[in-house]
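Take a look at these structures.
Each of the next two complexes has chain A plus one other chain: chain B in the first, chain C in the second.
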Partner chain A sequence: MGRVWTITRRELLCFFCSPIAYVVLVVFLAFNGYIFGFLHFRSGTESSLRPLFGYILPLVLVFIIPMLTMRLMSEEYRSGTIETLMTAPVSDATVIAGKFLGTFLFYVLMLLTTLIYAAAVYAFGSPDFGALWTGYLGLLLLGAFYISVGLFFSTCTSNQIVAVVCSFAVLATLAFLTGAISQHVEGATRVIVQHVSITYQFSEFVQGAINLNNLTFFVTTTLFLLFVSVKVLESKRWR
Partner chain B sequence: MKKQGEEAVLKYTTRHWTVGLMVGVSVLIAGVLMVLLQRWAFAAPVKWDMTSRRVNSLGPGTTAVLKHLGEHKIRLTNLYYKSDYISKEQQDVQERYRTAVNDLLRLYQVENPRNIETGWINPLTDQAKLTQTLERLRNLPVFVEERKPYEAAVEAFLKEDMYPAFKTAMQEVLQELRAADPDSELTGGSTTGQLQRAVRSWIQNADAVAEDVSGLLKNTATSGHTKGVNGIKSLYSALGESIGVVANAYIDQQLKSEVVSEDVKKVLGSLKGQLTPWVDRFTAEQGKLQNLPSLEWDNIESALRGNNQILVESEHRAKVLPFEEVWPPADEGKPVGEMDFKDRRFAGQGAITPAIMQVIDEQKTGVLFVRYGGASLFAPAGMGAKNQQLTMTGLKDELEKLNFQVAEWDLSKSQAPPPFQPTPKRTIYIVLRPWPKMGPQGPQPGEGIGPGERLALLSKMGEDARAIFLTGFSVMSPKYEFNEYLKTKWGIEVDGSALTISAQPSGPGEWQLDQRGGFVLVTNMTFGEDEVTKGLKSLEQQMVFPMVTPMSVDKDLPEGVSVKTIAAVPKSEDVWAVHDPLGYYQAYAQTRNSQGQPYTSKTPNDISGPFPTVVEGTKGKARVVVFGADAQIFSDVWVGPVVTLNLSTGQLEARRRAPGNYALLTNLLYSLDDRSEWLNVGSPLDASVLAMNDSQRTAWQVIVVGLWPLLALIGGGLAWYMRRR
Partner chain C sequence: MAETMIKVRNLTKYYGSLLALNDVSFEVTRSEVVGFLGPNGAGKTTTLRILTGYQPASSGSAQVAGFDVFSQSKQVREQIGYLPENAPLYPEMRVREYLQFRAGLKNIARGVISKRIEYVTERCWMKEFVNRPIGHLSKGMRQRVGLADALIGDPKVLFLDEPTIGLDPTQIRETRNLISELGQQHTILLSSHILSEVEATCSRVIIVARGRVVADGTPHDLSARLSEASRLIAEVKGPEGPIISGVKNLPGVKQVETSHEDGWQRLRIATAPGVDVREQVAKLAADRGWNLRELRREVANLEDYFVKIVAEQ
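The block that comes next holds the complex of A and B.
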């Protein structure tokens, strides 16, 4: 666990050394601020963050998170530091877990900055705090899933552009396309397509409900992708 | 060497494949495990509702109502449609509506499976089921009963001395006309020919209506009693008018004509005598039909012809919940045509539970507003109400939806209240202060409620009174009329000479009155720990009390009396009550601080918080609630659906300005009606909305779009720079 934390801390500090992370954070805040401040925040609207949580953040994060995850492993491959890492007394799982947690903590920091919207809503209304915290719980699970996708592609290639494009393509498919595809298929196929739709799985968190189905989807898919990432990293040893 | 090399490559390749295979298998196993877990979770309907208002599960109010159903059998039918003939996008949206309703109905059934039955009918395809439902509803006692006067009217029309008698009489008239002028049918233009055509058209019209309405009595599957009776009414009107013209004008004119033969004139004279009684009869019958009450069934039937409804029925009556009631807009500013699922919020429970209460509550409770002078409280806005702030039309509609009977009693005109029809199981009195008389110079001090009228009201309320007193400060009569009664009987004292004000500090020991009506409106109040207010905490800041007078409760209460505080002005530097408010305000307007702004400061005579603004007294079965605010608190201004133009969106919005006022009143009414199990059933389920002015909005826009990202940029830049150094 100590080794995981060492890698986590190193990754987190890397974000603070890189101007990209700040640019991402500023763009994230400016965009969300605009959507919240100009489109939702006015008298007569529901005092909640539902529009922001339910329809904006899941889509914004499709663009933001691949930019954070693209360098996680690809940079190690490209710069050759992977050799040092792989000869160090740490397992592949520790490396992946550390990288994942480092990015996840940065993501949590990003989410914390959105608490200002909750404060604004609280100042002029009586938001349902239950729905607010399930919304944040949903965003944490969603973010963990997005990061695991990005990490997986970063583990697969040394080219950061390839990693970011692949991550974006998969996440965009799951977030945008599944909704559209489900309208053109019927029966069991439709149920399956809807099941893998991120926005569909995420919607109940925003409404203030924790559904075992949604919870299981995010947790198991994230763990599976992390497991596969470990195996991909492992394969670098014997290939 | 070569062979050894080949073996090494072979070994490497074998190991490569073996490890690869093992990795593949492990990934496959992990994948299968993931799919199985997800499949299991998908099938397990486990859900935790984390919202404070329990919008995703049944609230305590609903649960209590369902537990107290007794022997009532409730059937809840989801009539949300499913269609393949709409776009896929629409299908998905429709499915979400339908599923949400189905899930909710299932929760109701699970809560009380013995009394609740649920079902789904697709109104687009399940026509047979829909017809069956309509037939079942049609035979519910309340609808059978309300149809009876209509069926009697139809029978009266069809019975011997009406339609058959009229037809026979008219046929005889025809024969007489033919006998008087045998060629008249051929010539047509003659007097008798024209009369024959008129008489034939009367018979034909009567035949047509008779044919239409006779089915109503024979075939129970048909409906349309209102249509049938309206047909009869129109027939009576048309025949009465037409026959009247013929008998009184046309025949008189022909009798004077020189071209008409004497034989024909003789027949015309006889004809006038035969027709005139029918005119009187039709007028009388038409008058009877005008007084028939409208049929509730018509509303049910026409509602069920639409889509996306919920049908709530008991063994006695039924109610249809339209889509807009179950899925009200989350953002009132958005045009209805542009709204989809995400723009609406699910208020299913807030609609279904009151509907269940309505279909099982056979005897209603009366709510009687007692006023002294002034215009009607229930006059439509702008319809002669002298002071539109005191119209309560919106509140009346809402209370009637919650199954209360609502009426008003002008104590200045009558010492006896108007009777409720049907007799309510209980009457809750809401007593308002007298309204000042309007003179040429504006409002004049009123006479106040005299001892005789006070006595009349109190004796009518009786020993087991259930009442709400709306006190509040009044310039016209500062002494509260029922103060003595409240003081001696309940130990509650209303200081009618003081007015509560809200202010903002503007300097040391200086305050400026809140420009949003701080002189007359108090918005910062807290609820006491009480069953009535337990579910209303989220609405605490959405109450607006006008003209608040402080109240106090005696330490030594009269014997058997207990008093509790429902709402209070908390201890605050910015809210207090002042005596002689008019003089106080004049002094405030004239006093200027160093910046030239008006200001006020406190005096030893002022009354500081905390002090109660709503208290409830109980003695035996009697219970009274006293509000320190005046009647405007429940006026259309604060609790009615007010349509306003949103300047930001350019759209019209309809919403309550003070939802807390309405929620508190409905809970108090249920409590006073001894139906505490129904508390929090209505509006408390409403999600709260944002309320701010333009400058506040702009300030927050600047913060979230400009300052906040800028702060992140500066902080990040600094951190990056320091790390680099």
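The block that comes next holds the complex of A and C.
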């Protein structure tokens, strides 16, 4: 466990050593600020963060998270540091877990900045705290899932561009296209397409409900992708 | 009998259909400094990668510090320090941060970490740049950071892949001295394609070419094994015919070549291995009344041996 934390700490530190973290944070803050401040935060609207949680964040994250995850493993392959990393007495799972946690903590930091909107809503209205907390819980699960998708593609390739494009394509398909696709298919296929839709899985959290199905979806897909990443990393040794 | 630290048995490695290592076997005992010598692409790096647990072998087995590199990979990695070729590092980190990170990975006790960092900083002459970002360092400095990382866990076995590549002559000399000093506490296997380096730092040399071990011995042994090892140079003044026939008739002499140099005969005498005819040549010259101004043995160095053995493959 100590070694996982060692890797986590290095990853967090690296976010702040590179310009990427700052660019991502600025884009994230500016976008949320604009949406919240100009479009939502006015008298007469509902005192909640529902628009922010329901539409804005999940979609903004589709663009932002791949940028955070693209270098996680790809950079190690490209620069050759993978050789020192994998010849240190750490297991493949430790490396993946550390990288995942480091990115997740940075993501939590990003989410913390949105608390200011919660404070603003609280100051001028009486929001439903239950829905606020479930919304945040949903966002944590959603972020973990996005990060595991990005980490998986970063583990597959030494090219950061390939990693970012593939993660973006998969996340965008799951987030935007599933709705449209489900209109054109019938029966069981339709049910499957609907269920892999992130918007579908996420919507109940925004409404203030913790549904075991949604919870299971995010937790198991995240764990599965992390597991596959470990296996991909393991298989790299054999090539 | 000294403890065996590295034991390699019939190691073979294919990359796809490319045969990189072909039935390599050798042993290294405790506190030996062994040079792994070969031309580029001979399989040096591949061997080191297998021994450090980075890549599995296609067949054969290897043990480091008593652990199998495949089935007990983690235990092996706890016992070793490895400096890969070109010392890959994280450019965005500062040297001290990097060493702290590596010490954490190697599970060095929290209380000892700063002590170990101080020790390796001192040992690898990094005092003046230990707080600078790695990305700002010169090649030589980075190489030293890589070496410091290899040393930080006080490993039993050190693997150094071309440790002096990219260094300037002063740094090369310093690094060689450092390696020789480290050899007193650690078992070291270093790879190199520079012969003088191996001759200067290693107590034993293993020469590899095209994935095979082609020679194994002390630098001195290997030089002596070269068949032309005993070649004599003599410069004599006197009648040409009698000189040549006289020297040729000495026991053990195989061949004599002559050339002229301002009135002197310059003889190159090839003898059977292990035969030294210097005394007889001097006696012959004295008996016949020839003048003798030079008589020396031309000792083949490791370089000759290396070129010869690699060319034979």
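Everything below uses one rule, namely that the second predicted complex is superposed on the first by the 239 of 239 C-alpha atoms of A that agree within 3 Å, B and C clash if a C-alpha of one lies under 4 Å from a C-alpha of the other, contacts with A are read in each partner's own complex, and residues count from 1 in each chain.
Keep this in mind: a contact is a pair of C-beta atoms (placed from the backbone, for glycine too) under 8 Å apart; a residue touches a chain by one contact, two chains touch by 3 or more.
Note that the coordinates shown come from a computational prediction; the quantities given were computed from them, not determined experimentally.
Asker: For A:C17, using the defined touch cut-off, is the partner it touches chain B, chain C, both, or neither? Pick first, second, both or neither.
Answerer: A:C17: touches chain B and chain C.
Asker: Look at A:H195 in the shared chain and tell me whether it touches chain B only, chain C only, both, or neither; answer first, second, both or neither.
Answerer: In the superposition, A:H195 contacts chain B only.
Asker: Taking the superposition on A as described, I'd like to know which of chain B and chain C A:T6 touches: first, second, both or neither.
Answerer: second
Asker: First (chain B), second (chain C), both or neither: which does A:M86 touch?
Answerer: A:M86 sits against chain C, while chain B stays out of touch.
Asker: Could you look at A:S158 and tell me whether it touches chain B, chain C, both or neither (first, second, both, neither)?
Answerer: It touches nothing on chain B or chain C.
Asker: On chain A, which partner touches more residues: chain B or chain C?
Answerer: B
Asker: With the two complexes superposed on chain A, say which partner A:S43 touches: chain B (first), chain C (second), both, or neither.
Answerer: first
Asker: For chain A, which residues lie in the overlap of the chain B contacts and the chain C contacts?
Answerer: The answer is residues 13, 17-18, 238 of chain A.
Asker: Show me the residue ranges of chain A that touch chain C in the complex, using the header's touch definition.
Answerer: Against chain C, chain A makes touches at 2-3, 5-7, 9-10, 13-14, 17-18, 79-81, 83-91, 237-238.
Asker: Mind pulling up the chain B residues that touch chain A in the complex?
Answerer: Checking each residue of chain B against chain A gives 15-16, 19-20, 23, 26-27, 30-31, 33-34, 37-38, 40-42, 44, 46-53, 55-56, 87-89, 91-92, 330-333, 342, 345, 538-542, 646, 648-649, 653, 655, 687-693, 696-697, 700-701, 703-706, 708-709, 712-713, 716-717, 719-720, 723-724.
Asker: So in the complex, which bits of chain C are touching chain A?
Answerer: Going by the criterion above, the answer is residues 49, 52-56, 74-75, 77-78, 80, 82, 84, 86, 88-93, 97, 101-102, 104-107, 146, 149.
Asker: Residues of chain A touching chain B in their complex?
Answerer: Listed in rising order, the residues are 13, 16-19, 21-22, 25-26, 29-30, 32-34, 36-38, 41-48, 50-51, 54-55, 113, 116-117, 120-121, 123-131, 133-134, 182-184, 195, 204, 207-213, 215-217, 220-221, 223-224, 227-228, 231, 234-235, 238-239.
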